[in-house]
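For reference, the structures are reproduced in the following blocks.
After this come two complexes, each holding subunit A, first together with subunit B and then together with subunit C.
Moving on to the complex of A and B:
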């Protein structure tokens, strides 16, 4: 078993984790202000498409990244204003956004580039892999961080920053308060609506990064529905991590390795129909296990009166 | 007393405040003026418009007409933020706390001490501890609010306002869950704040408190100011008349109890916390037919858990319970009810009623399995509605129709729904938990009379109340709970507020 964990597996797992981790971070931010963001899948797809458009138009990967963040942020205004100003139901809005993202990117792909399915072009500039010799020399760290994109680095730095922001800064305290009890936050003079809108938009920009990693990180193409469930995995990670960025990140690592592992198993000759199931089995098992734990922990409070 | 030599000029003035909710005129041209250093009581029954007026003064709602002046300057609040910036503070009746956050986080929320962009946690905790010590509000700044008892949570609310050093402080029923000693401590705080030149708006139902701590009283009824009085020149009776528009019987008329056979018997009942610590510690009690037994205690001393164990909401970890001779130890709530339990729970909104359901359905609950409401396992809607109408009339529940969802009712009316339902069981045992919390004077009078009528009918009544005056007025015997134990039993004739207060603080020697 252990010989299956190789430097290559670790490295490709970290690469696969990046978009999920970024989306999950965005999800925890939204969750903390009381907006259950189920639109991560659609947001990621919009980001991936916009990254390709930006990169193609500007001829630079950075242009792609910035355009992805901007476009996804714009797309997120639906959620930001929908749940606040228009008092819509987050679940309904998110389902709509996911459907819209899928249809809109396919439509624009046809309109702008005249192709359907997949768009690849030499003019799309992908992300550079960062090589730092000093780090590559380390045994484990070297496996993880050698030849990763700037976005992968950013994802882990953001994880730390979001955690510090959330639990150590006045802003983080206010965000947590807004999600916990909007009425109480209002009574303390915090503008709940504004905090929610800004948080959802910033989270949108972060999912834009996730999309850019998806379409520019490894292959420099866009194909329809290329987010392929990663946004949903991120939603599950947010739930498993109970809106805590570090726990959500841990869940992402679990999924990433399960995914990389399943590819390795394929290499061992197992049929891919079987190995494809592995990440989902892990997800399901994690959900069931943590749910059981939660029930147990909450039991005394169910019987205790408030 | 500060304010007796009234300083000239109002620090806060409301002129002609009007607020309308649909067809309901909640505030009808209200004028209110308070001076610097004054403790000003705002009184009125539920629905009189006190809460609406306070939320307008605190910027949480905007008036449809009228203006607010601070030291003669007109102010327009868009939100509570503006009011806070102008030096307003408010301790709400329904706590506005973040349960998953620590005490200190709740207190500094929105006004955090900073160091290098981060929250200065040390400074925040120190400041909260300092305030808590100064005003004798025993709270651990690092404790999680959700794990604290109701009484301690209230202290956190008071700390929040004190931390903001508001010049004008609105206290909405701040003493509901305090012991007499804690309440007197709070009054010292209020006097100290007033002497400091701060102004206190004190919203309360309790006449005793108004007489003790306030300088002037404004009484609201049906959204209008009906009376403005100087406390020293008025009497409780006058205030009540102003509030209700009629004379109300403040004392409870009852004959001496004639106790019969024990109905509720608990022996060495023990409930453990999730950490294995006993929260109810070998409680032994017997409540007999035809008597009202009161349980007094500071919130969080095991009363809630004791009642949960006695009603089947929680399985006891030791000991046994019998109702009307039937051993119900470990049985579920239905098992207890079949044996003869009726129960008025502490939280009428969460446990006591189904808010989205109609009065008909709420009043039918617990009766829905048997005739006449159920026939061949199907509910007879006609009989249910008819019965509901009769109960609404008998208990004077103010509701549009029996089809109305009870979630729309005011606290007092909602409580009447619960009381009506539970009393109509005519059960051998009635457990009433905080039966009049947040209920207006007229409804309190009614509920008290009903509890005494239950006793005289032969029911055993167990009353848990944070209101010592209520326990003193109703109970024939009083059990005092302290740290999970039944510390003492006091016959009503020998009970005084002072003695019970000492017992509630665990000071058995001094109380003897």
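Moving on to the complex of A and C:
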């Protein structure tokens, strides 16, 4: 068992965690202002597509990242304004957004590049892997940090920043107030609607980063529905972490290792249909095991039935 | 905006739906125009490709699974619950329906009956796992139903890829079910599946309108706490509703396997995306079964027409999916359809 944990496994787990972690961070931000964001899957897909388009058009990975963040932010206006000004139901809007993302990216893929399925082109510039010789030499730390993209670094830095912002700044206090008791927040002079809109949009930009990592991080291609359930895993991570960025990050790490481990099991001769299921089973098991803790402080934004 | 937006009515008012469809058509047309196509020829191709005399049977054939998956979503939605696990439940049903006639001896009609019943029971039980997850383990059913799809799909994929694979072909699929155990053909692409689905649809509508159970479910949809206070056993009701919902998903899988594909093929049940289209249709109707069935048929026509459009104008048929999503989003934003409405 232990010999399965190798530098390669750790490294690929860290890579697998990045998009999920970013999406989960965005989810916790939305959750804190009382918006249950179930559209992470669709947002990530839009980000992945936009990143490829941006990188293809500008010839630089940075262009791809910026375009992904912008496009996903724009896409998130549906959720931001839909649940606030238009008072729509977040679940319905998110289901609609996920389908819109899936359909729109497939449509644009065919109309813009004339391909269906997967788009790859030498003009798509992928993200550089950052190598720092001093770090790479260390045993465990080197495994984790060597040859990761800037977005992976950004994801962990953002996790720290969001946590500090949320719990150690007046801004974070207001943000949490909006989600916990909108009326009380209003009476304290906080513009609840504005806080929700801005938070959802900022979260959208963060998911855009997740999408960019997905399409430019390891492969430099876009394929239809390439988010492949990662956004849903992020939704679960947000639930497991009860909207706390650090706990959500821990859930993402658990999932990332389960994922990397399942790929490793494939190498041991298990068919991929079986190993693909491992992360989802781990997630379900984690949900069952943390039941007691969640029941004590069941978050009103994530209960499925009224 | 304020008056309509604040309307506490859970069902969209009538004019809202045609309006949403109009918006979907307009924005879809705009998208076609921007990408260099002619929206009029595109829409003409959709209409003639779905409603003309020669293409109507194809539309009806497509509507059987889609309306089925619409009911799968509409039944829980009627009670304010959402079942996102239709894919997994359909796969369980389809796999069981393919295996029963392969490994059970007997006359054809009995095999069909057993296959369909076994598929419905298996898928129904699988769906109740999600309800059990919420009532016992506090996992929101929204999430557990979705997550449970992945193991089901993976398991089915493994079963037909390895132990029960048809080794005479290169694909991951079961052997063909015997001729006698296939659903009888009515005419053209239509088989007896449409009759079974129509009967189920009628039963669901009647149950919703005229039984105590239907009343209790609607009551839960309006206010679950009130329903519970009024004596509705919420946990048991959720389990029963999920069983019914999953059983219909299983039926859809069985009808596709026994009616048109004659085997369980890896991925074949899921690629048309019936589950999500069905969910959209159910949301469009706010969970009301009759309206949901109509919405499902409408989406079936749209999608069938999409094939014709892609053939004749080279505009990709995913356009119809974009239009469906726009319709739902517009409706959700305009009236807050769904469970509680409002941002909470």
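To be clear about the criterion, the second predicted complex is superposed on the first by the 291 of 306 C-alpha atoms of A that agree within 3 Å, B and C clash if a C-alpha of one lies under 4 Å from a C-alpha of the other, contacts with A are read in each partner's own complex, and residues count from 1 in each chain.
What we mean here is this: a contact is a pair of C-beta atoms (placed from the backbone, for glycine too) under 8 Å apart; a residue touches a chain by one contact, two chains touch by 3 or more.
Please read these numbers as outputs of a predicted model, since none were measured by experiment.
Participant: One more residue to check, A:183. First (subunit B), second (subunit C), both or neither?
Facilitator: Touch status of A:183: first partner only.
Participant: Would you sort A:236 into first (subunit B), second (subunit C), both or neither based on which partner it touches?
Facilitator: In the superposition, A:236 contacts subunit C only.
Participant: Quick check on the superposed pair: does A:191 touch subunit B, subunit C, both, or neither? Answer first, second, both or neither.
Facilitator: first
Participant: In this superposed model, does subunit C or subunit B come into contact with more residues of subunit A?
Facilitator: Touching more of subunit A: C.
Participant: For A:168, select first, second, both or neither according to whether it touches subunit B, subunit C, the two together, or no partner.
Facilitator: First partner only, subunit B.
Participant: On the A-aligned overlay, A:286 touches which partner chain: subunit B = first, subunit C = second, or both, or neither?
Facilitator: A:286: touches no partner chain.
Participant: Which holds for A:102: it touches subunit B only (first), subunit C only (second), both, or neither?
Facilitator: Touch status of A:102: second partner only.
Participant: Which partner does A:34 reach: the first (subunit B), the second (subunit C), both, or neither?
Facilitator: second
Participant: On subunit A, which stretch or stretches are contacted by subunit B in one complex as well as by subunit C in the other?
Facilitator: Correct list for subunit A: 300, 303-306.
Participant: Can you name the residues of subunit C that touch subunit A in the complex?
Facilitator: 1, 5-6, 31, 35-36, 80-82, 133-134, 137-144, 146-148, 150-151, 154-155, 157-158, 161-162, 223-225, 238, 276, 279-280, 283, 316, 318-319, 321-322, 324-326, 328-329, 332-344
Participant: For a test of understanding, state which residues of subunit B touch subunit A in their complex under the given definition.
Facilitator: Touching subunit A: residues 60, 79-81, 84-85, 90, 92, 96-101, 105, 108-110, 112, 114, 117-119, 121, 160, 273-274, 304-305, 308, 313-314, 345-347, 350-351 of subunit B.
Participant: In the complex, go through subunit A and note every residue touching subunit C.
Facilitator: 34-35, 38, 78, 81-93, 95-97, 99-100, 102-104, 106-108, 110-112, 116, 196, 229, 232, 235-236, 239, 271, 273-274, 276-277, 280-281, 283-284, 287-288, 291, 294-295, 298, 300-306
Participant: For subunit A, which residues are in contact with subunit B within the complex?
Facilitator: My answer: residues 164, 168-170, 173-174, 176-177, 180-181, 183-191, 300, 303-306.
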